[in-house]
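Here chain A shows up in two complexes: once beside chain B, once beside chain C.
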Partner chain A sequence: MTPGALLLLAAGALMAGIVSGPWFARSWLTFTLAGAIAGLAAALSVLFGAADWEWWSAFSLGGELVHLRLDGVSALFLALLCVVGGAGAVYAREYWSEETYPASAPRGHLWWSGLVLSMGLVLVSSNGLHFLIGWELFTVCAYFLITLDRQRREVRAAGWLYLVASHTGTVFLFAFFSTLAARTGSWDLHPMQDQAALTPLFWLALAGFGVKAGVFPLHVWLPSAHANAPSHVSAILSGVAIKMGIYGIVRFSGWLPVPAEAGGVVIGIGATSALLGIAFAFAQNDLKRLLAYCSVENIGVILIGVGGALLAVTNGDAPWGRLALAGALLHVWNHGAFKALLFFGAGSVLHATGTREMSKLGGLWRTMPWTTGLFLLGSVAVSSLPPLNGFVSEWLVYLGLFDAATSKGTAAWAAMPAAIMLAMAGAIAMASFAKAGAMIFLGSPRTRAAEQAHECGNFMRAPMLALAGVCVVIGLAPILIWPLVTRAVGSWRAVEIAPEVPAPLITLGLVHVALTILVATAAAWLWRKAHATDLRRSPTWDCGYAMPAVRMQYTSASFAGIVSGWFRWVLQPERKLRRPHGNFPAEAIRLERVPETVLERIIGPVSVAIMRGSTSVRRLQHGRLQFYILYLVVGLIGLGVLVMLGGAQ
Partner chain B sequence: MNESLNFLIGLAMGLNLLALGSSRLPAVIRAMSLQGMALGLMPLLMEDHFDWRVSLVAVATVAGKGFVIPMLLRRAMRAAQIDREMEPFIGFVPSLLLGAGGTIAAVALARQLPLLPEHAGSLLVPGALASVLTGFVLLIGRAKAISQVCGYLILENGIYLFGLLLIKSTPLLVEAGILLDLTVGVFVIGIIVDRIQRAFDSLDTRKLTTLRE
Partner chain C sequence: MILILDVLLHLAIWLLLAPLLPGIINKVKAWVAGRRGPPVLQLYYDLAKLWRKGVVLSTLASPGFVIGPAVGWIAVLGAAMLLPLGPAGAVLSFRGDVLLMVYLLALARFCTAWAAMETGSAFEGMGAAREVSYAVLTEAAIIAAVLSLSVQSGSTSLVAMLAPAAGAGAMLLAAGLFTVLLAENCRVPFDDPNTHLELTMIHEVMVLDHSGPPLAVILHGAAIKLLFFAVLLTEAVLPLGKLSPAAAAGVLLAGVMVVTVGVGLVESLLARLAFRRVPLLLTTAFLLCLFALLMAWKGGAE
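On to the complex of A and B.
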């Protein structure tokens, strides 16, 4: 079947899912999965085929003819959308089932199918107007998914914040698309690098898509929305929805002429997002907030790659740009897979214990072995450790940056600091996930809820296993997906790049396989040793405490203490400290909270000031007719004076 | 002819000050109605030869502004049982000063305006400006609804004076329409005044602020 027929099938199945969702949960799951599989097949057939799929229809929507296009770039994102969309639907079947949530689960089905469909529309539409329609639909569907559990106050607040931030971004996109349409005379989107007048539009696109992607100062909506949404929604938000921002930046930096400074700016934004995002992640106590801030970091990594590619464009199309872009696009995929896996794991923990706070968890590895194993696999991947997929993509970005740094030219000055900041972010990312894993799964249970945790069922485990499989396959055999990535990179600016696999990638794959075998052998040997019969078991040394209690364990804040100290200038933690005094201290307190610094310290006060200003203007409207007439007279006299002065000139 | 026209306008300007300085509502209504009659006579003076259409306008204006509208207002006043403006926003002496200052400013301003030579000598433009200003002062400075209606009517008289500059090019129908509008407006306001009085037991417009949105 052609991609067009497959896409039609996918759209039909998803629409059937929307219609059947509120009433028939089982047929909804079937339809949504069928839609996801059909969409994935369409994307793969474009990625493995040579030609893009393009369709001009005679049908017009909003006065514009429908023009659809699926090329390498959009197919790569579409494939990710279908994988995460399908996996999330299966996961929701148990995680957000009708039995537990009789009111919101049917609604959730409808919006889920709607979200997948509208994001697909954004990816395939090749007309500015339809792109905006799809974008708006996708924003609204995501809003209703975030606020599924709308009885809770913080969920409603998070939903509002998301909606407001998204629409702020959409304002930029409206400006972008309408200016584009005004300057080119048509809403149709296609490569137009030769029109130099369009260059400044890149900044509008960067701002608009940057809000959705959650780059550092614009990420304010992201942590609360990801933390308060149901976990399968957090997974698709973090795995796919914020990638739509990346898609926009990649798409329009490829189709439009870019300013000379774009590369440096995007690399700078990426490096800042990576480092500060992960610094915030490390300081969090809420598991899902940690994952959300980690998404900011990964968006930063992706943008570093994109920025490298843009830098190469202004440096005479240097080959290292393609390498960096390949890394970025692969990281889009990888982050989608492992972050969805981690959010599913977090959902499993939340499902079992009812809390997201790491200081109330602990010791879950005994009761939840599957979740523990899969979460740890995701942690290894997100920390970019070999032999999993995170390493492959970050390594490609590094290769691009190193080549740029050794090239003679200005590019080195942007690439070198970015590589250093990327390395720092990677180190802190590893520490963050060491902390999360240790707090949640190791040690002793800190609360009763953690003690009574239970393993998740098959519907939740299967999607986690599938995503873990994606992580492992990309990690061990990067050569398998290299053709897909080169196809996407090739259609970015319509340049041919060598389809053969670069030598380092083959070596990397082999090293990963060898490493896996080595680790597996060592693990098997340790396992046998640990289960030997003649082993003597006793408690570990307890530092001389007579009665060790669970509260003596490391807390997440104490684990993160030193590193949070380095970043105190941006984290701005609020602390309350009362030291113990005397030989028999009565009470001592140490509380520390890391606020949403950008939101609470910058955007909050600014909005309060704007509100105050607007409220004071409202005082002019008091209902006294006499004063209204006075305003009129003053206005008239003012206009008269203006006319007299203007006439005098 | 020009002298008698200027005399009538001067009379109207004097009546402005009377309306501003008086606290008794019947006096304000009387000043307003006299002003309306004086203005109604003006088109007759401006025409060199007899024109039945202009005479019709003059008669209608005098009847409307001099008798019908004041009658309606007096009836509303009786129904509401008030005849004094008790608590003006702008006191009577300050209003008077404002009106006098405004009249002087209007004369000064009219000299600066680029007028046609046949209008330059007359008081038409300063009188119009002064009346508009008086109307605004009454509208802004008075609390009772009836005083505000008077202010509105004096404002309208000012606009009518401006209209006289264009009498030769304004069709009869427009004049008649303006007059009809005005009468209906006052009629409606009379009813509203009655309703306000019944609903709130007062005609003080300061108490009508709760419906602002």
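On to the complex of A and C.
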């Protein structure tokens, strides 16, 4: 079947999912999965085929002819959308089932299919107006999914914040698309790198899409929305929805002429997001907030790669730019897979214990071995450690940066700091996930809820296994996904590149396979050896401490204490400290909480000031007619003066 | 066939020679203090003894407690395999292998921290927290160092990067990498491998609850890591690629000995730093590597 027919099938199945969702849960799942599979097939047929798919219809929507296009870049994102969309639907079947949530689960079905469909529409539409319509639909669907559990106050607040932030971004996009349409005389989107007059529009696109992607100072909506949404929704938000922002940046940096400074600026934004995002993540005590801030970091990694590519464009299309872009696009995929896996894992923990606070968990490995193993796998992948997929994409980005640095041109000025910041972000990411995994799954249970946890069922486990499989396969055989990535890189600025596989990638895959085999062998060998000896079980020795208690375990905040001390200037932690006094101290307290610093310290006060200003202006409107007449007279006199002055010149 | 022999040769060097270094360091320390000290081969005896001993597992520990050290050991060994051994070269060399090496060390760190957290002990939690936190600065220093070698040699493959001399920034790089070596291997002034005060330690405190064969694996891995950094430091600073194979081997051996004795001397002459000063020293190491990077970059531009 052609991509067009497959896309039609996908759209039809998702429509059927929307219609049937509220009433028939089982057929909804079938329809959504069918839609996801058909969409994936369409994306893969474009990625593996040579030609893009393009379709002009005679049908017009909003006065514009429908123009659809699926090329390498959009197909790569579409494939990710279908994988996470399908996996999330299966996961929701158990996680947000109709038995537990009779009111919101049917609504959830409807909005889920709607979200997948509208994001697909954004990806395939090649007309500015339809792009905006799809964008708005997708924002609204995501809003209703975030607020599924709207009885809770913080969920409503998170949804509201998301809606406001998204629309602030959309304002920029309205400006972007309408200026583009005004300058080119058509809403149609296509490569237009030759029109130098369009160059400044890049900044509008960067701001608008940056809000959706959650780059550092614009990320304010992201943590609360991800933390308060149901976990399958957090997974698609983090795995795919924020990538739509990346899609926009990649798409329009490829189709429009870019300013010369764009590369440096995007790398700078990316490196800042990576380092500060992960610093915030490490300091969090709420598991899902940690994952959300970690998404800010990964968006930063992706933008470092995109920035490298833009830098190369202004440096005579150097080959290292393609390498960095390949790394970035592969990281889009990888982050989609492992972050969805981690959010599913977090959901499974939340489902079993009812809390996201890491300091109330612990010791879950006994009751939840599957979740533990899969979360650990996701943690290794997200910390970009070999031999999993996260390392492959970061390695490509690093290679691009190193090559840019060895080229010794001006590009090195941006590449060298970015590489160092990427390394620091990587180290903190590793620390964050060592902390998260250890606090949740290791040690002894800190609360009764953690003691009585239970393993998740098959519907929740299967999508986690599938995503873990994606992480392992891309890690061990990056060669398999390389043609897809080169196809996307090739259609970025519509320049053909040789689709040859870089030799180190094959070697890296082989090394990863060898490493996996060696690790498995060594682990089995040591395990055998330890059990062949005289093995005893006893309480943790802990230097001979006789009565280790549960509350003596290291907590999440103390684990992060050193690094969050270094980043105190940006984290601005709130402290409550009561020191012990006297010979027989009664009680001592030390509490530390990292607030949503950018939101509470910057955006909050600024919005309050704006509201105050607006309220004071409102005093002019009081309903007294004589004053209104005075305004008119003053206004007329003012205009008259203006005209007279203007006329005198 | 030759490949297999090559791998075996490298394995033999790394696995058999590594435990010698801690013995030499202890001998130097004893010599400075005027004691006779333990034999140079003490770690071999310890490893053999531990390998035969029984294991005590914490009731809280999951299988990761035993598997973690095994994975960490393989990761360190894997990083060592990528490092060229003077004239013997590396087992495997490809473009970008330097990054794999850095991240294999990170994998080893993740496994150690994970295994430490298994016990639910506050001491081990403290050690793990310190280990992963200081790693942020050491990793920045290592990346700056390899970036400077990469800019200097115009390559991202370890064999090509380590063959020429480090150029004008060699002394800076040596000082920076030596500090990183001390921090990564938990030597004085960052950590004291001899202390019995758990509160003041990093690495030793993470392995408090390990015993028997897993502890042997951990100690052996730590010895490999020490040798690894000594070789990396020597090769980064000295132009081994320009010497004849025999001379290069000799120089490498001498360099590793100098580094090892240096560690022993530092350990004898310096006291351990207060913990709040550790980040300062690590930042200094990072800055040294960064200046080496800038010199490599400027040097090429002229």
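The rule we apply is simple: the second predicted complex is superposed on the first by the 611 of 649 C-alpha atoms of A that agree within 3 Å, B and C clash if a C-alpha of one lies under 4 Å from a C-alpha of the other, contacts with A are read in each partner's own complex, and residues count from 1 in each chain.
Everything below uses one rule, namely that a residue touches a chain if its C-beta (ideal position, glycine included) is under 8 Å from a C-beta of that chain, and two chains touch if they have at least 3 such contacts.
Bear in mind the structure is a predicted one, so any value in this text is a computation, not a measurement.
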Inset, instruction - Could you say whether A:Ser538 touches chain B, chain C, both of them, or neither, answering first, second, both or neither? - result: second
Inset, instruction - In the overlay, answer first, second, both or neither for which of chain B and chain C A:Val380 touches. - result: second
Inset, instruction - Figure out whether A:Gly635 sits in contact with chain B (first) or chain C (second), or with both, or with neither. - result: neither
Inset, instruction - Kindly classify A:Gly469 by the partners it touches after superposition: chain B alone (first), chain C alone (second), both, or neither? - result: neither
Inset, instruction - Could you say whether A:Ala412 touches chain B, chain C, both of them, or neither, answering first, second, both or neither? - result: second
Legend entry - Partner chain(s) touched by A:Gly62 [first = chain B, second = chain C, both, neither]: neither
Inset, instruction - Answer with first, second, both or neither: which of chain B and chain C does A:Gly354 touch in the superposed model? - result: neither
Legend entry - Touching both chain B and chain C, residues of chain A: none
Legend entry - Complex interface listing, chain A residues touching chain C: 362-363, 365-366, 372, 376, 380, 383-386, 391, 395, 398-399, 402-403, 405-406, 408, 412, 416, 419-420, 422-424, 426-428, 430-431, 433-435, 437-438, 441-444, 502-504, 507-508, 511, 515, 518-519, 522-523, 525-527, 529-531, 533-543, 548, 550, 552-554, 558-563, 566
Inset, instruction - Over in the complex, which chain C residues touch chain A? Could you list them? - result: 51-60, 62-64, 66-67, 69-71, 73-75, 78, 92, 94-97, 99-100, 102-104, 106-107, 109-110, 113-114, 117-126, 128-130, 132-137, 139-140, 142-144, 147, 150-151, 154-156, 198, 208-209, 212-214, 217, 279, 290, 293, 297, 300-301
Legend entry - Residue ranges of chain A in contact with chain B within the complex: 621-627, 629-630, 633
Inset, instruction - Provide the residue numbers of chain B that touch chain A in the complex, in ascending order. - result: 89, 136, 139-143, 148, 205-206, 208-213
